[in-house]
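Note that chain A is present in both complexes that follow, paired respectively with chain B and with chain C.
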Partner chain A sequence: MFAIYKRLWLVNWAEQWQYRANLLMYLAFWLVSPIVYLAVWTTIANAQGSINGFTAPDFVAYYMMLLIVDIATSDITIHIFGYKIMDGSLSNELILPIHPVLMKVLVNNLAFKALQMMALAPIWLILYVLYQPVFAITVTHVLLAIPAIALGFMLQFFAGATITCIAFWTTRVWSISDFYSNIFRLLAGQFVPLALLPAFMQSASQVLPFRLALYFPVQLLLGKLSLEETLLDLGLQVVWCVILFVLFRLVWRAGLKKYAAVGA
Partner chain B sequence: MYILKLFSTFLKVNLQQDLAYRADAIVNMVMSVIGTGWDLLGLSIIFANTKEIGGWGPSELIALMGVWRLVNVMMATIVWPNTEKFNTGVRDGSLDYTFLQPVNSQLLISITRMVVWRVFDFAIAVALIIAGMTSGNVITSPPLVAAFLALTFSGAAIIYSLWITLISFTFWFTKFDNSVTIMAALMDAGRYPAQVYPYWLRALITFIIPIAVATTVPLQALRGELMGWQIIGFLVIGAAAVFLSSRVWKAGVRRYSGASS
Partner chain C sequence: MLQQSAFGAPGADSNPIVVEGLSKTYQVTDREGGFGAAVRSFVKRKFRDVKAVQNVSFRIGQGEIVGFLGPNGAGKTTTLKMLAGLLHPTSGSAKVLGFTPWERNSGYLRSMTLVMGQRNRLSWDIPAADSFLLNQAIYRISDADYKRVFDELNELLDLAPIIRKPVRNLSLGERMKCELAASLLHRPAVLFLDEPTIGLDISAQVRIRAFLKEYNRRSGATILLTSHYMADVTALCERIIIIHHGQTKYDGKLVDLSRRIAPFKLIGVTLGDCADCDLSRYGTVVPGEGSEDAGKHSVQVKADEVAAITARMLAELPVVDLTIEDPPIEDVIERAFHE
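Let's look at the complex of A and B:
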């Protein structure tokens, strides 16, 4: 099992390097909106002094941290796997004795992520010099953030894989994926720290899992959470991962039956 | 005249293709409405915390959102689908057949694919612009509206020309097909007035990937912030971009040698 993952990793890692120029282009997708929102909110904060206690440096620290966590926990399953269901090339992968999603797509995701991180590092340092964020980071926070980020990614991976499986029934999934990213933008904290949302959206974001994939690790790394809050959210992450994993298995199985009927 | 005939033929073909996926189109339209509501919610979150951003009020940002969506409609209707087709054409050599047609090749690669149901998004964008212009305190007069319309059109033409130039570069550098991705990534920066951004981002979206010229600039004209010579300057730049990009395209086509034969 481990040997399979290791081999897949080596293949995917080499594959990703082959497309390194494209990777830089894709990185721009993760860079532009945080910088845009950072500019919007610091402009407002500077004009007013602060927004509900958030000052311009708070926003800078928030979005600079978000840049890293967003790439670390994001999932690209729909982009690397969606078309395979649509054009039928999934058939070739089903013959292989490895799970197309839980093994191949997962490792592909991780290899892409690792290279994105390497490309982000120099850009992030330049932004660091430009914006001079102030972090109050401790070793405890970093250690707790490692499982938080890993679980945040798994959460998004299972959610993304489930959404991609909708392609078994509908021919195209892009509009559904757009819909998901729209919700994610507001309720996971990409657009604004969740504390600044109107009350009804704040309570919605508390109940829904989106914030666990992004806002929670960011807040943790910014040192805003107590140990109890952190452990509670880590527990919630595990629960949601299990729920979404089971959901994915169900949708995947039902989808394969449907696929066999159409693709034969 | 024959351009119109060609256009309507492609429109008919694409409409027939889209009608094969009626359910898909309807889902997309519903998603567009929800997406618009969601974007307006985003704006309302901003304006729950402030009265203005960079000197722009809510109604002006709604109008800006309309213009931004207009550019996005152009991208989604012709630019992205035709880029896909073009890249495939270069890779497998099917672009040969495009050049064999006795029609201007630039026109042909621009309108072969059209996502017709996007007309719906176009209507939403226009509605947002009208709503933004008529509500609130946007000071407008007929000449300013005329300047706004002209600059919106020329801004879209500049973005289109940039696209033509980028895909033409594929003829020189084969591995250039993903440069268009960078345009897609930077589109998000057009949602807000460029004055809000740090100078380097403003320079990037004004001079390199001129999304600000297609979104912020028309709105500035509507607000009466632009001098007459500036308006004329932007229109001249627009015309020059269209002219230069078609020259780049022609030069690129001369280098094309085909992948199939």
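Let's look at the complex of A and C:
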């Protein structure tokens, strides 16, 4: 089993390097919103002194941390797998004795992530020099952030895979995926730190899983959470991962049945 | 159906492929062209049933190479996809190596392969060698087995010069060689080949054919292949199954098909100086391939009259040369489709 993951990694890693230009554009797309939000909010905070207690250095620290966590927990399943359901090339993978999503797409995600991190590093350093963020980070935070980020990614991966499976019925999934990512951007804390959202949106973000994938690990790394809060959210992450995993399995199985009925 | 298969005893499960009454009906959306129809179809879709495969049954014995023939849309690919586990049948059953294909048991997936000439399984961005190693891991092939099988495939397909180039830089023929090799590394016992030579030039076709024949001889693998190139069929398949409109039209030996469908032969005669010779007295004069100028003509006669007519021709005409040939296989199969 490990040998398969290792080979998949090597192949995916090699594949990613083939498209340097595409990778850079993708990265630009990925970074442009957080960097814009960073610039906009710090400008406003500088002008007003603070927004609901958030000062300009708070925004800088928040977005600088978010840039890293966002890449670490993001999922691109819909982009690398959706079209395979649409154009039928999924058939090529279904005849292999491995799970196309839980093995191939998962590793593809990780390889892309690794490369994104490498590309982010110089940009992040430039931003660091420009904005001089102040982090109050401890070893405990980092150790707790490792499972929080891993679970945050798994949560997004299972959610993304489930949404991608909608293509089995609708053929095209871009509109659903765009809708989802906009909701995510708002309720996971990318658009603005969740503490600054209107009360009803904050309540919504509390019961939905999105904040667990981004806002929670960011807050954890910024040292804003107590140990109890952290353990509670880690527990919630596990619960949501299980729920979304089961949901994915159900939708995948039903989707394959549909695929096998209408013609692959 | 013209003839029951002479191959494989009914009920014997030693046959690696056993298909019983397999049917597949697709539901397709149906709408007229035009703007109004598009809007109506957006609100309410109309569906129509398409019977792609109807009650197809056959058995294929260990090590057989069977040609699965039929015009476009006959149901060949649908049948292959059901046997490869990609499609659920609407009714009927199939056992391949004792597995029900569409249950997609990983033991089954590990022991068969499906090669589609128009689809590629290799990653375009990396050299085939990397994809081979991935397949080695996926199919859990030991290093020793991998080396042995690869060396053998390399010997047959001459892979060494091409597997280090990214797949996108390979010619179609080179890519097909790599596709075949990638599909065979795990030594599948059953091969489903859908148009394995499509789009290839003649010499590449010849090489792929020779390879398949040799692979079958060495490995004893069972092969079911579709092709529109009759040369593939005549070179590889002793037995063919003809399917048309989803139904089996013929299942038996290729050589028997001509006898049943087209019980005639072509007598090719080259005549000396003979301005008013009337060949239609002997049989149906077939428009030739433009060689009449040289005095060569083709006459179609019933198979059981060949000897008598040939004797008469030799006696009555200034014959310079005479040949007796079977009708072209394309014509025979074309007739079988529509019989």
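Just so we're on the same page, the second predicted complex is superposed on the first by the 263 of 264 C-alpha atoms of A that agree within 3 Å, B and C clash if a C-alpha of one lies under 4 Å from a C-alpha of the other, contacts with A are read in each partner's own complex, and residues count from 1 in each chain.
As a working rule, a residue touches a chain if its C-beta (ideal position, glycine included) is under 8 Å from a C-beta of that chain, and two chains touch if they have at least 3 such contacts.
The structure displayed is predicted, hence computed values, not measured ones.
Put simply, more of the residues of chain A are touched by B, taking chain B and chain C as the two choices. Of the two partner chains placed by superposition, A:S226 touches none, neither chain B nor chain C.
When the two structures are aligned on the shared chain, A:D178 is found in touch with chain B, with no touch to chain C. Once chain A of one complex is fitted onto chain A of the other, the partner contacts of A:A21 are limited to chain B, with no touch recorded for chain C.
Applying the stated contact rule after C-alpha superposition, one finds that A:L130 touches chain B and leaves chain C untouched. By the touch criterion defined above, A:V40 reaches chain B but does not reach chain C. Touching of chain A by both chain B and chain C, each in its own complex, is seen for no residue at all.
Across the interface of their complex, chain A is touched by residues 21, 23-24, 27-28, 31, 34-35, 38, 41-42, 44-46, 48-50, 52-54, 175, 178-179, 181-182, 184-186, 188-189, 191-192, 196-198, 200-201 of chain B. Listed in rising order, the residues of chain A touching chain B in the complex are 21-22, 25-26, 28-29, 31-33, 35-36, 39-40, 43-44, 47-48, 51-52, 130, 170-172, 175-176, 178-179, 182-183, 185-186, 191-192, 196-198, 201.
Against chain C, the residues of chain A that register as touching in their complex are 3-4, 6-8, 10-11, 14-15, 18-19, 89, 91-92, 94-98, 257, 260-264. Contact residues on chain C toward chain A in their complex (touch as defined above): 26-27, 78, 81, 84-88, 102, 104, 106, 109-110, 112-114, 116, 119-121, 123, 125-126, 130-131, 133-134, 136-140, 166.
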